[in-house]
Structures are given as C-alpha cells and as structure tokens.
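Read through the structures below before going on.
Here come two complexes built around subunit A, the first alongside subunit B, the second alongside subunit C.
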Partner chain A sequence: MEIRDQPYTLTSCDFVFTGQQILKNTNIIIDNGRIMEIGPEKEGDIFSCSGMIVIPGLINAHTHSGMTYLRGYKDDLDLIPWLKEIWSIESKALPHWIRLSSEASIIEMLSNGITGFIDMYFNPKDVAELSEIYGIKVSAGPTFLDSLKDPYEIDKEMREVSTMASSTFSPIINVHSLYAVSEETLKLARQLFEELGLGIHIHVSETREELFQVKQRYGIFPVEVLKSKGLLGPRTIMAHLGWISSWEIELVKSMEAHAVHCPTSNMKLATGGFFPLKEMLARGINVALGTDGPATNNTLDIFREMKEAVLLERQGYWEASVGAKDAIRMATLGGRKAVRLEGGVIERGAPADLSLVDMSNLGPITESNLNSILTYVATGRDIDYTIIDGKLVYRRGLYDSRLKQIYAELTTIQESLS
Partner chain B sequence: MFSGGKDSTYAIHWAVFKGFEVTALLTLIPMRDDSWMFQWNGVNMTSHQASAMGIRQLMWNSSGMKDLELQDLMAAFKKLREEGVEGIVTGALLSDYQRLNINLIASIVGLKVYSPLWRKDQVRYMHELLRHGFRYIITSASAYGFPFHLVGKEIESEVQVRELVDAAQTYGFNPAFEGGEAETFVTYAPLFSRRLRVEGRAIKEGEFRWRFEISHIH
Partner chain C sequence: MEIRDQPYTLTSCDFVFTGQQILKNTNIIIDNGRIMEIGPEKEGDIFSCSGMIVIPGLINAHTHSGMTYLRGYKDDLDLIPWLKEIWSIESKALPHWIRLSSEASIIEMLSNGITGFIDMYFNPKDVAELSEIYGIKVSAGPTFLDSLKDPYEIDKEMREVSTMASSTFSPIINVHSLYAVSEETLKLARQLFEELGLGIHIHVSETREELFQVKQRYGIFPVEVLKSKGLLGPRTIMAHLGWISSWEIELVKSMEAHAVHCPTSNMKLATGGFFPLKEMLARGINVALGTDGPATNNTLDIFREMKEAVLLERQGYWEASVGAKDAIRMATLGGRKAVRLEGGVIERGAPADLSLVDMSNLGPITESNLNSILTYVATGRDIDYTIIDGKLVYRRGLYDSRLKQIYAELTTIQESLS
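Coming up: the complex of A and B.
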C-alpha cells in the first residue's frame, strides 16, 4: 500500500495506545502523513487493523547501524578489551561492509516497528541515502574518534552532512566519548554545536574506566566536563550514563539534556553501573531507550529494551516503582524529544508514525494489561506493519529476500576477519 | 569495607548470600571524628562483630583528613589485592563522594566494587533491616528533630523505626542517615553467631548532638 496523497483509514484496530490512553475497536484516519481523526469515522481506502494493537512509532535512540558485520564477533568480552578488538577491525573496514550493515540494521529496525533512530557511526551519507530508500527517520553524522580519523576531516565531513537534511534524515554531531577524543577535538565539536545548531550525541559515563580516565585528565566527572566545555544543553543526547554521580543528575536536569538508557548493552558488556532511571524520571529528565549497536546487544529490538529497562531497574534497586508505562513512554516519546522530532503520540494532527503489533501470539490481552503485554511479552517479531509519515514502509516479509542476501554477504565478510 | 554500622553489615550479608567468599572485613580507623569517608564512632569495637561473624578483620589506620584518607584507602586496597582479593563490597547508600572515590581507587588497584544498597529506597530499607533480623544501636546523632532518646537504644521494633522515619520526613534529614545524621553499631545480624550486649552511656554534646560512648561489649 503506497498511499500518501489521499486519505485512508486504519479500521477496527482492536487496541490503540495513544500514549495517554487505551482505545478499543476504533479507526484512525490518516491523510498527508498525519493523523486526521481517531474514532468511528472512515475515509478513503480501508486498511483493516483487526487483530492488531496500534502504538506510537518506536524510536531507537542510540545505535551504530554500520556494525552488523561485527555481530557476534569477539563477543563475551568486557567493554575495553572488546573495544580494542573492534577498533582494530574498524580501522580497516571497507565502506561496502558498513553500508550493507546499515542496510541490514534499517530493515531489522523497520521489521521491529522502529520508525526512527539515532545513529553513531562513520557512514552518515550512506545512512542518509538509505533513510530515503526505506523511509525511516534517522539522525546521524560522522563520529569524532581520534584514533580512527583525523578530527579536522570529521569537522569537514560534518559540514557537508549538515546540508543533507531531508524529510527522513537529520544531521547530528557524534562524539564517540570524552576518553576517545582530545580537548582540541571537543573544541571543534563545540564550534559545530554552536555554529550549526545541531544536536550532539555522545557516550557518557559508561564505565568505571571512563570515569577514571576523565577524572585524571580534567579533574572532574564526565557530565561536568561536558558542561564546562559548553556541550551540555537541550540539544545534548547522552547514551549510557551508568556511572553518573547524583550531582551530575542535577546538571542534566538543569541543562535540559537527554539521557538514553541502553540496558541490554550495559548488561552484556558488564559495565556494572547503575543507570538512575527512577531518579531521572522523578526529576522530569527526558529518558529514551537505545539498543546500542548490533555488535553490543545484539538485536535491534526496542521491545526487548523496554522489558530489560524495567527488569534491570528492579534487579538493581529491589523495588517495582518503574513499570511498563514508563518503558513505553521512553521507547516512543522519549526518543522523539531527544531529537526534537514531532509525534510520539496518537492524536489528531500528529505525524502518522505508527507500529502495528499483531496480537496472534500475545494473550490474554485486556485494556488493563495492554501496557504490560507490550512491555513484557511482545517483541519485534510481533510487528506486522510499520507506518512512517503515513507511508506503509514495512509489512511482514517485505524485505526477507533482501535481508537474506545481505546476511550472506556479511557472513563472508565476518569469516574473512579471523 | 566494614565500619560496624548497619549499612556495611547489611552489605556483607548481601555478599555472603550472593555467594561471594568474604575473606576479610576491612575496617578503616580514622584518626579524626570528621572523616569524609569513614565512620569514626565505635569502629574500635568492631572486632567483637568480626568475631561474631567469624570473618578475619583487617584494621587499617587512616588520617581521617580529606584527600589524604584516600591514599590510606589505596594502600589498604593494594594490600588486599596482593592477598588475592578480587572485589570490595561497600554499604554506600547515596554518597557519591564515597562510592565514586572508592571506585576510582579500586579501578587503579584492579578491584571490582559492589554497592548493593546504592540508591535503594531508604525508608523501605530501614524497615527491611528490622524484618531481616538486623539489630543495632544508635551511637551518635546530630540532626535537628532527631529523636535523641533513641541514642544508645537498640533498634528492635517497628515502632522505633517508624519514629526514626517519621522524624526524618518531618525534619528533612535522611531516613537511613546517609548524610551522617546518625551512626549505628550492629548488635545482631543473621550472620552473627551470638547477640552482642553493649554497655555504655549517652552523652549530650550539644543541643542537637548526642553520642553514645560504648564502655563494654559482652
């Protein structure tokens, strides 16, 4: 179904979770990429959503799409030794490998109901092109990482990428981390941050080692460094934050910066911190969810992150105050707020970015347990359709043959690494 | 790390029941009563608790002066690392000064750090301590609104815990005393082979400052 210039209706949706409330047996009229009406009315073509739950489109707020070729490679190491292995491969990776990887990631994310993502890797131009081809919304840019690329080249590339904004692509400044770049590089990043008015996306306080290195170099902790360098503000998106101090949480709040929680990746890499989820939510800090890359998770499924975020919080803090509703909000609205993307709710006038969940393998579903089912039972495999800006960009099986082809190529690539 | 207070004792309890082999209790003895890092009151009496738990104790002197005491901690960690210790368990609840400094030093020495009580709900924790069988006395208190009549008393009932928590909520001090509002000395925990009987006297040191001086432990 390729409908964009005329209205159509998702009819008989068993459940619609609007972000605020749950509606039963209702229709959603979509026109020109936006939600025009929710209720009994119908208009234009009919698309039956019987047996489905419609939710606001999911956002993956932190990933490295170009790393699929490294999925499973040298797994089961702590972060620092793992990074050493990975960086040595990445320094000689061919552009073709990375583009294929991003394409696989995008297909996987669409098939998991993800309507947009924030990407940190080295192929933003590929990602911009792929976002147009597949219709997914992306924030991406080249990544400052001094050991891999001259920061002045990244600066130049960032300026080029900053002109590529489109309906699906928005440029963002990526800084790998404070420990992987020099003070000089931070100055370049700040100049871009001020000059281009773009967001900045960075790994922060991910490990204890990072804390130590940053404290040694700057005498203060990572979030404090960002503040002191003029890089902390409403356009700052910080991934991980497992080792943030309590006074830095206050800084995040007062500077209106955004946090991205990546629970599976943190557990997999044994980073050992405590992401202060309850504390951040209580302070009204915007928290989004991220899968991290296909090599650190290793799936790109935000449903799983919703579940892990809640479970990890409960395991770590011995209480159940953070729950399913928080998880869904982080997975939908949280990511959009981070990149200043409209939507995240199903209401009149909002962009029609929707994830359609097949209920066949989920049950029993009631109005009162719907959030729980979505958080603790559903996975990306329950997605039947993904709609972005009113376009049906994914239906189950649509890219199966293409993905099979890509996986075959990535297998050959990974086999050549060892 | 073991100060003899409720938090470090609970952390040891957690470690044992998590399956860790707890090989030593590291007790830092500050030479001043205003240490930023370590409990001062009652630490000289902690050998009774170590003996009741049957765990070897390593007593380590510290200057108690900010920054210098971190060097003392480093030396103690190095000694333990040389003995083959792989990790440190702390009772840190909410103090990043403690938690992060311990981690930075442990990171240099190559020790992992576990802080099982970190950012736990403090009111719930105070009730759970009692329900899980922990008994302790308040050995010092210095917060406006603190129920000072409890100084030197063994906390062994819900009524007492409620009184502490209510006062904390009314007067705005931390319900688990993380801000140093009070210090405690554990008299019984599930890992103790016997209950300690503590003798001493409560001393009023100021309008809002009381201390319990332990004279003898049976």
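Coming up: the complex of A and C.
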C-alpha cells in the first residue's frame, strides 16, 4: 500500500494510544504531514490498520549511530580497557565505515518504529544527508572530544552544520563530557550555545571515575559545573546521570534541563550508579530514553529500553510505582520535549509521526493491558510501518537488501580490525 | 523445505556454535534424531542453512505455561496485591482457559527457538498431550499449593502423571514453595521424590517475606529446610534464589542441586534480592535460565533472559566477569542438566535439538562477536526454524493462524475478568 501526497486515512486501527488515552477501532485522518482528525470519519486514500496498534512515534534520545562497525567488538571487557580498544580504533576509522554505520543505524531505527534520534558522533553532515534520504528526524552535530579532535576544528564544523537545518535535520552542539574536554573547549561550546540558540547534548555523570575527575578539576559536581559555565538550561540534554546527587537533581529541575536514561548501556558497561528515575519523574523533570550506541547496548530498540527502565527501577526500589505508562511517555513525548520537537501525542494538529505495531505476535491484548503489552512484550520487530510527517518512511522488509549489503561490508571491516 | 524421516544434512550453516567453539560454513548431518557428523560431508536430503547461525536448542527452565490468559492483567501492581488478584482468578479459572494458555505458550516458545521447558502449573496432562502434538520437550507435573489444591489430590494426580513419560514428556514433582505448603505436604512430596525417582521443581527464596516466613516456621533458611526434609539433591531444581545466603550456596553446591535464574521476573515483580550468579558459576553450580510465566515477564523469550542475566549481574557488581558465553551456556546446557536431558551441545551423537537463527537482522557478525550478537542483539524473533530430536517442529509462520485464534479467545477471556 502506498501513501500519496494528499489526505489519507489510517482506518480500523485496533488500538490507538494517544499518549493520554486508549481508543479502540478508530481512524486517523492525515493531511499535509499532520493529524487532521481522529474518529469514525475517513478522507482520501485508505490505509488499513486492522490488526495494528498506533502509537506516537518513538524517539531514541541518545545514540552514536556511526559505531555499528564496532558492534560486539571486544565486548565483555570492563569499561576502561574496552574504551581504550575503541578509542584506538576510532582514531583511525575511515569516514566510509562511519557513514555506512550511520546508515545501518537509521535503517534499524526506522524498522524499530523510531521516528527521530539524537546523535553524538563525528559525521553530522553524513547524518544530515541520510536523514533526508530516509526521512527520519535527527539532531546531530560534531562532537567536542579533545583527545580525538581539535576543538577549533569542531567549532568551525559546528558553524557550518548549524546552517544545515532542514525538515528532518536539526543541528545540535555535542560535547562528549566534562572530563573529555578542557575548560577552554567549554568556553567555545558556551559561545556556540549562546550565539546559535541550539540545544547542547552531553554525557553527564556516567561513571564514578568521571565524578572524581570533575570534582578534582572544578571542585564541584558535574551538573553544578554545567550551570557555572552557563551550559544548563531548557536546551540542555544530559545523558546517563547515573551518579547525580540529590542537589543536582534540584538544579536539573529548576533549570528545566532534560535527562536521557540509557538503562541497558549503563548496566552492560557496569558503570554502577543508579539513574534516579522515580525522583526525576516525581519532580516533573523531563526524562527521555536512549539506547546509547550500537557498540554499547547492542541494539537500537527503544521498546527494549522501555522495559529495561522499569526493570532497573524496580530492582533498585523494590516497589512498582514506575510502570508501563511512564515508560511509553518517556519513549515518545519525553524524547520530543528534549529536542523541542512538537508532537509526541496523537491529537488533532500534531505532526503525523507514528509507529504502527503489528499485533499478531502480541496477545492477548485488551484496553487494560495494552500499555503493559507494549512495554513488556513488544520489541522493534513488531513494527509494521513507520510514518514521519505523514510520509510512510518504512514498511516491513523495505530495506532488507540494503541492510544485508551494509552488514556484509561492516563484517569485513570489523574482521580487518583484529 | 520439509524434513523426511531419513538422514539429512543442514548445509552451509554460516556459523555453528557448538557450545564450546564456533565453526564457520559447515554442515551438520542428522539421522534418527541425532547428530551424526559435523564437517564438510553431506548425506541424504539437503536443508540449506545459509544465512543462519545454528546453536544448541534453548531451554526455558522455569515457567507457568498456563497463565497466558493473565498476561498483562493488573500489571504494575506491587507483588502482594498483584498475587491476590491473580490467585482469586486462578481459583475460578476454567480448564479450557489454561489449556489454551499452555498451547499459546508452547507456540511462542517454539517460535523463540526453545526446544524444552520446565512447567509449574495445574494442567500437566494437557501439557503432556500438547508436548506430543507440538514436539516440544516438557517437564511438568501437578503443583502442590495448599491454598488452591488438596495435597492428597495432587499426590494422586502425580502418581497418574508419573506413568505418562514419553519421548517429549517427563513428569516432574512441582512444589510451589516452602511457604505455600504445609510440613505434611512436604512429607508427601518427599515420599514421591524417593519413590518415583523424579526431579523436584520449587520456587525458593524469591522474596524477603518468604525468607521471614520460612525462618519463622522452621528456624532455618529455605535451602536448609529442603536439605533437612530430604528434598535437596541432584534432582532438585530451585527457581529464583534471590535471597539465598552464602552458606546455602555451599549447600546447593555440595548437594549438586540446580539453580534457575529468572532475572526479568525478579526485577519486574520488584522482589529485591540478588541472584548470586557470579558466586554460583565460580563454584561450578549448574545454573539455567527461566522466563517465569507469561504474566510476570511478560515474554517467553530466553534470548532476552540471556541479556538480562548479564545486565543485572553487572549492575550489581560493576564489573564484566560474567558475559555472553556464560549466558548462552546457561540457556542451553544449563537447562538440560537441570532436567537431566542429554545434549545441549552440538557434537557427534548428541540429540539433534537445534535453534536456527536468521542472521538478516543481526549484523555485523564475525567469529569474534558471535556470542555477543546472540546475547545482546538477538531475540526469539530471529528464529527461523526449531529442530527437536531431528524433527523440524517449527518454521517461521507455521502456527500464525492458530496463534491468532488463541489470542482472540484469550482476549475475550481476559476482558471477562475485569
């Protein structure tokens, strides 16, 4: 079934989770990239969604798309020896490897129902181009990381990338972390942050080691450093926060910054700590979910992150106050708020960014257990279609042969590393 | 492709993980339910495994197959109120609901590459019948649970079930837990255990509350109680063990009993505690993996348990000593040892119980990262075929229409509960 550039209707959706409520057996009329109506009406072409659940498009709020060529490479090392292996390869990686990796990541994410992602890596121009080819929304920019890249080069590249905004691409300032850049680099980042009015995206308090280094250098804690450097505010997106203190949580709240929880990555890399999900949600802090990169998770499946976020919370607290509904909200609305994209809900006027979930391998499904099924049973493999700005950007199988080709190339690349 | 009742060869398997080593581009000759040869030779019919990874058949070592009708029902409650809801329904559930549920579970497990499972529920005769219909290996028996069932009835039923052993069905003695049965019931169980020579399968030290109750009643810890009652030995399979003490670990070791780790269920039900995976493996205790029931996980996917076992371990220990290879071993050989089934490895003479993983959505795959890809990326949805005793019992799509029908019925049932 094709979607033409005119009004059309998703008909007979078994369930629609709007972000607020669950509707049964309803239609969604879409025109000009937006949701026009939800209800019994139809208009234009018909696209049957019988046997499907329609949810707001998923967002992967923290990843490194260019790392697929390293997926599984030297896995199961402890973090520090692993990072050494990875950084030594990254310093000599060819641009071609990274572009192919980003393309694989984009295909995987679309096939997992992901409609947008925040990317931290070194190939933002590739990613901007790929975002237009594949129709996925991306926030990306070059990454300040002093040991690998000259910060003045990054500053220059950032200024170029900042002019590339399009319907799919939003430039963002990436700073690897407080421990991996100098104070001088932070000044460059702040200058860009103020001048360009863009978001800033940074790893914060991922490890205990980081906390120690930051405290040693600045005498204060990481979120406090961000504030003192003028980098904390409603445009700040912080990934990890596993070692954040209670007073820093209050700072995140008062400065209206955003937190990205990456439970699988934190667990797999054995970083210890504990993302204070319950405390953050209780304070109304915006929390999004991220898979982290394909070499640290190793999947790019936000459904699995939804489940993991709940599991980890319960392991820590021995109680069930955070549940499926919170998980879905973080995976949809949370991610959009972080990058200040409208939508993340299914309502009249919202952008038609939708993930269509095939019900055939999920059951039994009722109105009451729908959120639970989506969070604890579904995976990205249950996605049949992904719609972004009203365009059908993915249907099951669409990129199978391209993905096969890329995986073959990446296999050769990874084999050449060892 | 069909498999006839004569020698045949799985040809051109991209990878074979034998349990010990990884072979590339090889063939497996199968005859009379067993592996005859691994290497370049071919014999009989040809079954191409190009694009596939062949691994020893997965085992789900702890589940409650009859609970699919409750999947997602009143989810996200704390454990105690949730159990109350569930037990009140279970006391009035119709046999038909439970049989349908077990059938759905079996189809789901086969489609996830699971070749055998240990079941604790109330419909062992159904399960025995279904195991023959579907060709999956099952260990099951009626369950001692005093508040729901008269133990003398269970004793009687167990004696009937003990005569039903077949090529797919092995009777097992199920005791719900030490806290849910009386001392008198334990005596019945022991009598059966000695008389019938069967395995015994029991929830042990799942919650802190349980520990308290057992300590209060017996003055000693749960594994100690099992020992004192003559129920601990090489035929004992204990699920959960999240609250086991260090001296009980030594008992498990010295008595050669088996542990089943169910990480997702423990986390989702917020039972606290911590399964001492690293300590058990270090002592050479046999550890298997279980999904627990479809109402507590809520999937029946052992690939996801493999990943969760590693993630949870690393969250607890901040180091990466337990990894992908351990996870695969627990999911294959570990489960088989628990029920004293031969196999769990791919070698000459072993039963041909095999899970065939489609590589198309997994990449890049090299000899070095194969275990990592299987553990951290793959899910049951990557299974193309499941072979048990040389028979092709599942190929993708085989039971789609039956499953759809069952899910529809279970939906109606679950809707009628609220």
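Definition applied: the second predicted complex is superposed on the first by the 413 of 418 C-alpha atoms of A that agree within 3 Å, B and C clash if a C-alpha of one lies under 4 Å from a C-alpha of the other, contacts with A are read in each partner's own complex, and residues count from 1 in each chain.
Heads up, the rule we're going with is that a contact is a pair of C-beta atoms (placed from the backbone, for glycine too) under 8 Å apart; a residue touches a chain by one contact, two chains touch by 3 or more.
Everything quoted here is computed from the prediction, not taken from an experiment.
Using the contact criterion defined above for the overlaid structures, shared-chain residue A:Ser418 touches subunit C, although it does not reach subunit B. Applying the stated contact rule after C-alpha superposition, one finds that A:Asp400 touches subunit C and leaves subunit B untouched.
Residue by residue along subunit A, subunit B and subunit C are tallied for touches, and C comes out ahead.
When the two complexes are overlaid on their common chain A, residue A:Glu157 makes contact with neither subunit B nor subunit C.
Once the two complexes are overlaid on the shared chain, A:Trp318 sits against subunit B and subunit C alike. Of the two partner chains, subunit B is the only one touched by A:Ser246; subunit C is not. In the superposition on chain A, contact is made by A:Ala104 with subunit C only, not with subunit B. Of the two partner chains, subunit C is the only one that A:Ser372 touches; subunit B does not reach it. Residue contacts after overlaying the shared chain place A:Asp358 against neither subunit B nor subunit C.
Of the two partner chains placed around the shared chain by superposition, subunit C is the only one that A:Asp75 touches, whereas subunit B remains out of contact. Under the contact criterion defined above, the residues of subunit A that touch both subunit B in one complex and subunit C in the other are 272, 317-319. If you check the complex, the residues on subunit A that touch subunit B are 208-209, 211-212, 215, 221, 243, 245-247, 272, 274, 276, 278-279, 316-319, 321. Interface residues of subunit C, counted against subunit A in their complex, comprise 68-69, 71-73, 75-79, 104, 111, 264, 266-272, 297-299, 304, 308, 310-312, 314-315, 317-320, 323-325, 360-366, 368-370, 372-373, 376-377, 379, 381, 400, 403-404, 406-408, 410-411, 413-415, 418.
Across the complex, subunit A is touched by residues 94, 96, 100, 103-104, 107-108, 112-113, 118-121, 124 of subunit B.
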